[in-house]
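Multiple structures follow.
The two complexes that follow have subunit A in common; it is paired with subunit B in the first and with subunit C in the second.
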Partner chain A sequence: MSRVRQLRALVRKDVLLEAHTKETIVAMALFALVSMVIFQFAVGQRAGDSSLIAGGIIWATVSLAAVLGVGRTWVPEREQRVLDGLLTAPVARLTMFMARAIVLTLFLLAVEVVIVPLGIVFFTRQIAPSDLALMAGVCVLANLCIAVAGTLLASMSVFSRARELVIPVLLLPALVPVVIAASGATQAVLGPGTQLAEYLGYCRFLAVYAAVFSLVAYATYDHVLDD
Partner chain B sequence: MTTFSMTDTPRAGRAIAALGALSAVLLAVATFGVFLVAPEDAASGVIQRIFYFHVSVALVSMLAFMVACIAGIVHLRRGGDGSDDVSLASIAIGLMLAVLTVITGSIWAKAAWGFWWRWDDLRLVSFLLIILLYAAYFVLRGSADESRQARFGAVYAIFAFAAVPLSFYAVRTARSFIHPVVVTSKGADMPGTMLVWFLISVVAFTALFVTLLLVEVQQRRAARALEDVKRRLEARSATPTGGH
Partner chain C sequence: MRVRGVAHAFAGRPVLAGVDLDVAAGERVAVVGPNGAGKSTLLRIMATLLTPREGTVAVGGTPYPEGVRAARRRIGYLGHDPLVYLDLTAWQNLRLFGDLYGVDGLDDAVPDALARVGLLPRAHDHVRTFSRGMAQRLGIARMLLHSPDVLLLDEPYTGLDAQGSRLLDGIVTGASSGTAVVMVTHDLARAHALCGRVVMIARGLLAWDAGTADVSHDQLAQRYAESAG
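Showing the complex of A and B:
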């Protein structure tokens, strides 16, 4: 079986599993929505112009939802012993990593399809249709960053005793640069007058982040699942 | 498995004692020079003298994290307890130095601006992020099985070190840059005498780091050797000795 077919089969497995249960994406989206409401009451009401904090609130909520999703996607692997089967199958560890990262990127995109427009409606007055395309660009890049770092760290915490506690403690500090850059890029789009140069600068940073951690994962992932 | 030779101990002990003495002398010389010899900064006054320790500690903490990353790479390539000991000890010392950086930075901020904390102070915020990043290392190790601790620790040491420059850069893009820029990409921007005392401080803290690293590594080796002896004694006492 070629590597591409293996990758496709692994991604299909997780997507089908989620399509049947819809547990993870619905929980992530609801969690993100609730977080957004909490942020609004905690800080948004005191901000004079809420459009200035829209980007920050959107990406803080997405990163928190991502933590939930990263942990959740490993549950069947452990509880239904899928991982044991996968580890004995002739599948390269890196293929498993890529499949998981792609699935997480897709889940995050599904959540953002709901959360980002809602955030824009809640916190900004209007947005041009062309700006939505720019927002989609930020979402794809930020998701790649979260997926690569999240998959690598979750693969280690899945074997730990208190993984629900370990995942946020490991993942959130690593996601701070992503939140900073994604919020900056979003603000460059949603703020007064689209600032393209600033937007591109933040996007470049997100691309570098994803590339750096892809390299780290490429170099180390064989050792993570070395069982 | 690393074997522990009793003949190593006196030699290692002597090396640690010598390095410890050197660190103490260097730290004493640095303190003397910083407070009594180095010229006073005209703009900031006496509080500027904390710069010599603040920046030295920050630089040496970065050195510690780099050593941990390199030891992590060595561990993944070759295995063995030695590189894991170095990685773990380096992160522990680096974390302590990072906390010290934030404390000294905070004192400086209070004296310079009247606030203990400013979110637009690049170095303080970056180091706070780095503390969070490396504190997670101990959570990961603590919750992993014993057989995976060293391997996961090595992977995380590499991961976290890759995140350090990205965190610095991200914080720089997020905040206005009001921190006094003393060391820039063009080199150090300070008078010659200040630079000499700054470099002595850096060397002193580096010597302290190496001493602490050796002590910690030696301590972990000794603990493992003790465990080994205990296990052997237990095994011997559990073995039936034959008829009386």
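Showing the complex of A and C:
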């Protein structure tokens, strides 16, 4: 039985559910949009060179929006009482994990398509086309980090009664290193003069973070869902 | 299917206290007992949804949790709920579970399964628009899609109308000679009519095990009342 086929089916299922309900991406994007506007009113007019803080604002906003997305993980299964159907299927738990992480990465990318250009317009004066590619690199790496950590924590709390509280309390501290590194990489791109060495250093940190959390998920995910 | 010495507890309260049960290929077994006796817990353990504190379960010689994925491939499970996504269409649900179970030829298998439960005309409607009974019929189609060797049914008639109940009766009695059926039910008449054996679970133990050819429905009801206390 092909794991790729199962993975594709699980990803397609989540995309179809989202296309029908539009509950997760719309909530994440609206929240992020409103947050960016609030940040613009709060600091946009006062900061001397706001490109220095643009990265922090973008990634703080993305990680808060991610809490909404992570919080919606497993909600259709719980609300529609289909979790037992999924858990009795002969699917490796790691395949379920990868599907969730891929879907969360896609949702975060959809939010960033709105947020990153808005952040550039609000907080920086100009950006070279080549810098957009570097920003895309930060987004992909940071999304992987958020998706891997978020999926693991969401699955750990799937049977918890207080999951709405548990997820932000556990996820936000876990994302602090991601916010620091992604903000640093963004500042290296959007700030005065692109600092390529600094950018690569932060990207390496993000890659290591994603790898470490992936290893933790690989080692524990069977027990997370089955026990 | 072989269950040996299975014991389980929730929050320190024993629910099953060492149950043994053998179900041969082609055999139909009804599990009865009062509320809280441990019937559904036993079925959830057999369906790989719970890991027992003690004891072992095996399907066709494959024990689990060691061989759990191989066992899951051979089991079809239907609970009180149909275990399908309400925000997907009937077709999308069966396509999903067909892919998860590695069913070949889904372009033919999905419409065949939907036609079998009378839902082909509603194939592309979202399950949220279905009645409870229609959703349960879709759950039956989901359970049968991968041609399992063992059907585990936990009060499967919940929400089914007369037509749906007859459909499920036909599936239970018409299961192929190699398919074992284990059905948890409170309906003694149906258990007696459909199954070759009835086992009673009471206070976490297998209280008795009777062939329906040997006892009448009234005798079964009397034994049930005595064991349930």
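Keep in mind that, in the parts below, the second predicted complex is superposed on the first by the 219 of 227 C-alpha atoms of A that agree within 3 Å, B and C clash if a C-alpha of one lies under 4 Å from a C-alpha of the other, contacts with A are read in each partner's own complex, and residues count from 1 in each chain.
Here, a residue touches a chain if its C-beta (ideal position, glycine included) is under 8 Å from a C-beta of that chain, and two chains touch if they have at least 3 such contacts.
If you're wondering where the values come from, they're calculated on a predicted model, not measured in any experiment.
Visitor: Which partner does A:P117 reach: the first (subunit B), the second (subunit C), both, or neither?
Guide: In the superposition, A:P117 contacts neither subunit B nor subunit C.
Visitor: Once chain A of both complexes is superposed, is A:Q80 in touch with subunit B (first), subunit C (second), both, or neither?
Guide: So A:Q80 only meets subunit C here.
Visitor: Just to be sure I read the superposition right, which of the two partners does A:H20 touch: subunit B = first, subunit C = second, or both, or neither?
Guide: second
Visitor: Is A:V91 touching the first partner subunit B, the second partner subunit C, both, or neither of them?
Guide: second
Visitor: Just subunit B (first), just subunit C (second), both, or neither: which does A:D226 touch?
Guide: In the superposition, A:D226 touches subunit B and subunit C alike.
Visitor: For A:R8, is the partner it touches subunit B (first), subunit C (second), both, or none of the two (neither)?
Guide: A:R8 contacts subunit C only, not subunit B.
Visitor: Counting residues of subunit A in contact, which comes out ahead: subunit B or subunit C?
Guide: Of the two chains, more subunit A residues are contacted by B.
Visitor: Using the superposition on chain A described above, determine whether A:M156 touches subunit B (first), subunit C (second), both, or neither.
Guide: first
Visitor: Under the stated touch criterion, which partner chain does A:Y202 make contact with: subunit B (first), subunit C (second), both, or neither?
Guide: The answer is first: A:Y202 touches subunit B but not subunit C.
Visitor: Same subunit A residues contacting subunit B and subunit C, which ones?
Guide: After superposing on chain A, subunit A residues 226 contact both subunit B and subunit C.
Visitor: Mind pulling up the subunit A residues that touch subunit C in the complex?
Guide: 1-2, 5-6, 8-10, 12-13, 16-17, 20-21, 76, 80-82, 84-92, 226-227
Visitor: Which stretch or stretches of subunit C touch subunit A in the complex?
Guide: 47-49, 51, 65, 68-70, 72-73, 75, 77, 79, 81, 83-88, 92, 95-97, 99-102, 126, 142
Visitor: Using the touch definition from the top, list the residues of subunit B that touch subunit A in their complex.
Guide: Those in contact with subunit A are residues 76, 129, 132-133, 135-136, 139-140, 143-145, 148, 151-152, 154-156, 158-160, 162-163, 166-167, 169-171, 173-174.
Visitor: Could you please specify the touching residues of subunit A with respect to subunit B in the complex?
Guide: 149, 152-153, 156-157, 159-163, 165-166, 169-170, 172-174, 176-177, 180-181, 184, 201-202, 205, 208-209, 212-213, 215-216, 219-220, 223-224, 226
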